[in-house]
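Below: a set of structures, written as structure tokens.
Shared between the two complexes below is chain A, which pairs with chain B and chain C, respectively.
What follows is the complex of A and B.
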């Protein structure tokens, strides 16, 4: 196990290096001279161009640009916004709990909806319940989350008036209001994951229930509930957990639009506004944080998998 | 081994081939394929099919609900929504199709090289792929179009970048599998250039999974285009795409909420059709390979 952990940790180094290169070179995606373009194009004053060039270090050779940037990033410094002047790290740290709340809510929705659906379908493959589940899952996967968000706002916000349609309250201010306002956004964002989870669980459970050891358990007269609960579910849960981990990248991506629609002041809103304004330091900072989070989640999933399943450690 | 000795697979009788397509979920696959064919025809022939000009404004009927003349109503500038959905299909399908094409064009050779040479080349290429996949796909696409500037060309580039990793992995996996086969050893021993042999074999083997993956990616491309255009970082108004239409519908959400339905349902149905088609092809190819 120890060598397994060590090997996984060592694997992070090249990965983080590639991510840092990708994020660093984003500034060169801006067509033409980035400093001129970011200063406002042809109308830019020479002073502003010079200021941006210095702020982004564009006046230095490429290698030292990268090394300086990397040294800052390793110390948690992403520079400051080209427009507001506020440092990216302070902005990110105030916004991160907001996005984390939304992701937590979506995970809860995914589990509450996805697990029962997956179980219901997987227990009796081919039945009408199973077909219903498969249908729902297919629609859930085909639906753009932000469209679902608008439909939810229309139905539950504007028509039924059950939930507020915009805004966010911090947990520290009012835990009930925090939860209340997160319901619609979490459903909008969590549906895709619920559908994916249900699909995986259904498939895995159907396979396991068809295996010899389950047939043995049934033959010796165990009630169906115990066969599924004690024997089948343990094995069926593994692939589902993996998928949950892999889906996290999509979840982080989804927060970007969901936050925008519900007016939630999280990392996603910050990033979209930065992209629209071509605020390069903010973009680099937010993308780095998101990518590192995805890497960490995948690492945790990997390690858990290795812990639970010794066969994986060898590979 | 099998490839050297097995004679060409005898063609199954017509009735069996038909049953194969009819087997579980066959109807759904046929319906999905039929829908996609009709949609593509409507998209190509949009000027002939659409009842109205998608750009003509009718300021007397802003946000007008469906009527006999305008089956799906009129948008916030009085433009015919049905016509915009049909013209939007052009842009939405084209961006997704071009992106998948570009991704495959780049990714298949890269996967081939990675799988064939192995070692350091493979290690480097795979770390790059891992790196790309660590950035949430939608975020990466947003950053690329946002910094390059929003346009159809840049959407295609952005989507191709986020699609490539899957295609690279797929081709690499097939190459690795084929490289181990006896007939590659055999062909090496008779002196044919191994890369040439592998390329032919791999392209034949990887063909089916690539088609399945392409179908799923086409669906995801539609979702991504919609997301980009919705945020204003994709197709630019007044041009119609399903994402642009949702952007306008969002602006009118409190006054004419029903306007989110036509473009939204178009997206859901089309992505669903691509997914059903992809799953159906996967099942059938698995069964065909099982018979072999």
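What follows is the complex of A and C.
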């Protein structure tokens, strides 16, 4: 298992290199010249544009631009916003925990709802419980997140007044308020994840329970809870972990709408605003951090595979 | 000899929605302590389901609807789940057709055998269970058994996995071992080894054994008596030597003559024309559409299983026909 972990970690190096290249080349892939834009658009004097170029190092050879940029990135420096002048790293360090909290909340919702539903359905495929689960899952997958968010706000925020409608409190400020304010956004964001997780787990468990080795476990005289809890679950967890990993990775960049609706100052909002404004250092910084996070999530998923399926460790 | 396992008038059906399909239809046989019985027939004859029903491991939707299964004096078809669990893997063990899929890929061989030991001896500590697992792997001829405990099934070949399955099944010192097509999924060279192992263990341990197979060569090597099943019914039940010398049922003859060993080198292999009916059975004798000795009367009345000396046979012409056995 240790060599497996080491191999997977070593495999990240080329991947991170490719990511850095892709992010760096964004400067040149974005339409328009950022120096011109900064200097005040088409009316800018050539001297001013040149000055900005020198300031940003855009006049140097490409390779040294890349190496300088990479050196900064490794030290956590992504430069400053072209518009607000604030450093990207300080902005990300306040916004990232916000998005991470939201993802953590929705992950908890997904696990608390998705796992029991998936187990209940998969244990007895074709039963009325299973049909109920399948129905709920279809609704959960079909429901648009923004619509659900608004319904939640309307019902639990405005009518029942159980939860606050907008805003975010940092964990450091008040843990209870932090959790309290995250409930509605987490439900809005976690419902789709819960439904997908339940569907995968249900299918995998039904398949596994039908397998020869589960029959062997029964033939050994193991009690039912051990047959399911040990022999079936470890094998059925694989597809569920895959889906969960994909969803979490997606959420790191996909929380924008939920953040906007609930007024949460996270990474998603920051990134979208930067894209609209062609704020290249911000885009580069945010995308780098998100890409690295996605890579790390995939690593965790990979390592989980290794634990669940010993065959993977050899491959 | 008193019977260790006695199955009588067993009926098994598949139920889905409103449709009911009979799968096993009034099968009766007994197995004495220490005896090896072969249960043979083509795919779809109901032999595997008959075997599975003894452990109450029928697949979902398939249910035993009638008949009794008495094992060591206990009626199994009405036994509660906990009582059944205590029997399985303990006094009554089973090994399956495909060793490649019958072991759990996520746990080590040692874990899976030790688990079987601990399931029936609560309070056994891990070390004792592991030692027992080593003992069992030794018994089934896996070299360097202690080192292989930590291996996962994917590190074992098919033959070794079947040996591990046998080790697991025998860890509870069963009085009856049911082997469902134990060699079908293995290479021919490995088949003989596994059969030899099963036959030796059966004698050394003095346990009874039911071998479910479509391979009559297996039956000849390992079994004392044979039950031939066709379309959910028992059509012939006989001592192995008697059956091979002179089968009484045309289906038994067909099976024997279809063995590659009973064909001269270079000659075409013989087959039984047609296939086992599924769903609706033909009227009269269920074998009559494929039978070479069919008479008009065969298509009308279903024949009963009748005794003829040591043999029981379900054919109205069994007395007059002189059928050919294996060479």
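Note that the second predicted complex is superposed on the first by the 272 of 315 C-alpha atoms of A that agree within 3 Å, B and C clash if a C-alpha of one lies under 4 Å from a C-alpha of the other, contacts with A are read in each partner's own complex, and residues count from 1 in each chain.
Definition applied: a residue touches a chain if its C-beta (ideal position, glycine included) is under 8 Å from a C-beta of that chain, and two chains touch if they have at least 3 such contacts.
Predicted model, so just to flag it, every value in this text is computed and none were measured.
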Looking at the overlay, what does A:204 touch: chain B (first), chain C (second), both, or neither?
-> neither
Should A:103 be classified as contacting the first partner (chain B), the second (chain C), both, or neither?
-> neither
Just chain B (first), just chain C (second), both, or neither: which does A:264 touch?
-> neither
Could you say whether A:22 touches chain B, chain C, both of them, or neither, answering first, second, both or neither?
-> first
With the two complexes superposed on chain A, say which partner A:139 touches: chain B (first), chain C (second), both, or neither.
-> first
Does chain B (first) or chain C (second) touch A:278, or do both, or does neither?
-> first
Touching partner for A:184 - first (chain B), second (chain C), both, neither | neither
Return first, second, both or neither, reflecting whether A:195 touches chain B, chain C, both chains, or no partner chain.
-> neither
Is it chain B or chain C that touches the larger share of residues in chain A?
-> B
Spell out the part of chain C that touches chain A in their complex, as residue ranges.
-> 55, 57, 59-60, 81, 85-90, 93-94, 96, 98, 101-107, 115-116, 119-120, 152, 154, 165, 168-169, 172
Contact residues on chain A for chain C in the complex?
-> 210-213, 215-224, 230-231, 234-235, 308-311, 314
The residues of chain B that touch chain A in their complex are 127-128, 130-140, 142-144, 146-149, 219, 223, 226-227, 230-233, 246, 249-250, 253-254, 257, 260, 264, 267-269, 271-272, 275-276
Interface with chain B, chain A side, in the complex: residues 14-15, 17-19, 21-22, 26-27, 29-31, 138-139, 141-144, 146-147, 150-151, 153-154, 158, 249-250, 252-254, 256-257, 260-261, 271-272, 275-276, 278, 280, 283, 287, 290-291, 294-295, 298
